[in-house]
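See structure below.
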Amino acid sequence: MATVPLLGDAELAPEARAVFEDIRAVRGTDYVNNFWRALAHDPAELRRVWEEVKAVMAPGALDPLVKELVYIAVSTANACPYCVHSHTASARAKGMTEAQHAELLRVIGLAARTNHLVTALQVPVDEVFDRGG
Amino acid sequence: MATVPLLGDAELAPEARAVFEDIRAVRGTDYVNNFWRALAHDPAELRRVWEEVKAVMAPGALDPLVKELVYIAVSTANACPYCVHSHTASARAKGMTEAQHAELLRVIGLAARTNHLVTALQVPVDEVFDRGG
Amino acid sequence: MATVPLLGDAELAPEARAVFEDIRAVRGTDYVNNFWRALAHDPAELRRVWEEVKAVMAPGALDPLVKELVYIAVSTANACPYCVHSHTASARAKGMTEAQHAELLRVIGLAARTNHLVTALQVPVDEVFDRGG
Amino acid sequence: MATVPLLGDAELAPEARAVFEDIRAVRGTDYVNNFWRALAHDPAELRRVWEEVKAVMAPGALDPLVKELVYIAVSTANACPYCVHSHTASARAKGMTEAQHAELLRVIGLAARTNHLVTALQVPVDEVFDRGG
Amino acid sequence: MATVPLLGDAELAPEARAVFEDIRAVRGTDYVNNFWRALAHDPAELRRVWEEVKAVMAPGALDPLVKELVYIAVSTANACPYCVHSHTASARAKGMTEAQHAELLRVIGLAARTNHLVTALQVPVDEVFDRGG
Amino acid sequence: MATVPLLGDAELAPEARAVFEDIRAVRGTDYVNNFWRALAHDPAELRRVWEEVKAVMAPGALDPLVKELVYIAVSTANACPYCVHSHTASARAKGMTEAQHAELLRVIGLAARTNHLVTALQVPVDEVFDRGG
């Protein structure tokens, strides 16, 4: 259960409907997942988030698959089950192999381990890491 | 300040000294950063963490630079300043460009935003994301 | 499933029973939600938490509804599904409109985004923010 | 120290310069804080974040001060020192009294406490909290 | 549902099968819980994690039950429902009483409360806490 | 720097002064650390937190040192540097040896690693962990 009802296509305000059409066109599928149906109660936020997704997840200096791996990593550390599921599915749709998935999880697990060790030890930052600022 | 003194080379137990030598050999530099000097109070843990770092961060199904990007992402979500600094430096040493760094941060910021929206909305997982289990 | 059985009214120790009666009296409803039924195994903690809830969530310098919005925000960032549900329900009971809920989520999403950007950038605190200490 | 150099006004790309001018105009002050100077390395992201800040933090169904309180709450739970400092300063600039600040912290502390109790107890969500979905 | 299928005994690769046999031998039970069945897709990681569990959770300077209490505490703060359940069960199997469980939760709740207060207040570290480094 | 000035003894309101006297009496030292000096702006909250600390951290079903170890664990996962420092100091004052500190960090690191693996794998809870509820 969600904290708001998920909106069906017939319940969308015009601005939300337009965003859904763009999601379908860009993704090449009629399926619109639950995140957008929950967010559709706030068409202005729906549009801002979708525009940001399009701008940020597009090919650029990083490969779209790499971006999905980073997304899974952040979603895991933020303890978001839905986000882990949806972006693991997205990563697979963009070609993530099982071997890549397994390696991703190794790195996430190692990072979590050393993050906690560093925090418990309160290690001071080395001067050599300095980039200015 | 750390919760334990950072150990200088002359203060290392033999097992810790052996790990430091391996760190220097594998990395091709005499510099050993503060994390290892804090961890060196527990030579067995020092060895386990270093062995895991070598096994997990080596080239494999994912590129070593991609692994550093994932490491930065996890370290950011876990709010670990030292880890962010050290792995940003590592990523640069492995070739991360400023454009890649900027794109990484865009993805991290977007993921954090949608993670929180999803959690506040408590969006139920779509059936189509199911992989079994 | 919980890590302890939820206690029914007939299973309460006397001190827990007294707290339940106060919860019912203060809230004006016979319904006692699952959080208190799980916490009731430890009547002393049950009482401390309930007394703190009464003291902290009462009207004061901040409006009770504003306090519920803050509660949702913290619960979201701490990734607590039960807490998000229960305090979203409480906020609605205290008059939160759908428009206010939507705005709350926008702010939570934005804050999460900039929190992560700031951590990844390790931005130093401006002198002008200083209040002493 | 930051993971990127903070940019001075003379180092800004034209698009970043335009955003800085808008920040100054909207806020009515010449001072631009460090977050924007770090983000200015990525003018497109700088613009997106600033546009989102303007859209989300403007008066609406929630009072601008309430939004700052929510921002402090999220920043605290996400353990972002810079964000806590900058938004505490913003809240004060928008009229937050010391009594309001104190009450805010009480609510944040209580929420954190019950968030952790609920997670350790794994309390199941009450049916009465359901809103559909 | 998991992001990978849980592997049954008949689906294990030889290296994973060997780890499962060791898990059964060390624990003195035929039951292997879902975590290991999900991790079994990556036999090398399965082995590393299991070897770490054996090394770290064995009796030493801290009692095995104390280690389980610490594990529950970390799992709670990291918002991991499965981990809370599995380590609460492990703690009970190692003799945790209901009174100990209740006290553990009190401490976790108090720590969460003061953690958030400290972060919102940005309290500077006292010189007297210094241990060198 | 803190978000509020730290209060010196001469700046305390009468209710805060009484709490400080109790802190000194209970701890047997004249030193009052910065957390209480920041919290002293809100004497009612100061008193509630101090009363909770006394009630929760006293000897009971768990040893006071074990409680400090749990406190360090939660503070680490919540990324609170001040809390890590102050409770590591408290644990040492209560007799924590360096070997115990090292073992504590091993457990924290392992828990963080498996917490993240479980979240990324979204492992379903085993029926055998069920306790009712």
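Going by the order they are written in, the chains are A, B, C, D, E and F; count residues from 1 in each one.
Operating definition for what follows: contacts are C-beta pairs under 8 Å (C-beta built on N, C-alpha and C of every residue); 3 or more make two chains touch, one makes a residue touch a chain.
Just so you know, these numbers come straight off a predicted model, no measurement behind them.
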item: Chains touching both subunit B and subunit D, listed by label; value: A, C, E, F
item: Pair with more cross-chain C-beta pairs in contact, given A-F and B-F; value: A-F
item: Interface numbering overlap (same over half, different under half) for subunit A and subunit B; value: same
item: Rounded Å distance between subunit C and subunit D, as computed from the means of their C-alpha atoms; value: 20
item: Distance between the centres, which are taken as Cα means, of subunit F and subunit D, whole angstrom; value: 27
item: Two or more partner chains touched - positions in subunit D; value: 1-4, 6, 38, 49, 52, 74, 76-81, 84-85, 88, 102, 104-106, 108-117, 119-125, 129, 131, 133
item: Arrangement of touching chains [line / ring / star / complete / other]; value: complete
item: Complex interface listing, subunit E residues touching subunit F; value: 1-4, 6, 31, 33-35, 38-39, 49, 52-53, 56-57, 60-62, 66-67, 69-71, 73-78, 80-83, 85-89, 97, 99-100, 102-104, 106-108, 110-126, 128-129, 131
item: For the subunit C and subunit B complex, residues of the former touching the latter; value: 72, 76-77, 79, 81, 84-85, 88, 104-105, 108-117, 119-122
item: For the subunit C and subunit A complex, residues of the former touching the latter; value: 79, 84-85, 88, 98, 101-102, 105-106, 109, 116, 122-124
item: Subunit A-facing residues of subunit D, complex; value: 1-6, 38, 44, 48, 52, 55, 125, 129-133
item: Residues of subunit F that touch subunit D when the two form their complex; value: 1, 3-4, 41-42, 45, 49, 74, 78-80, 133
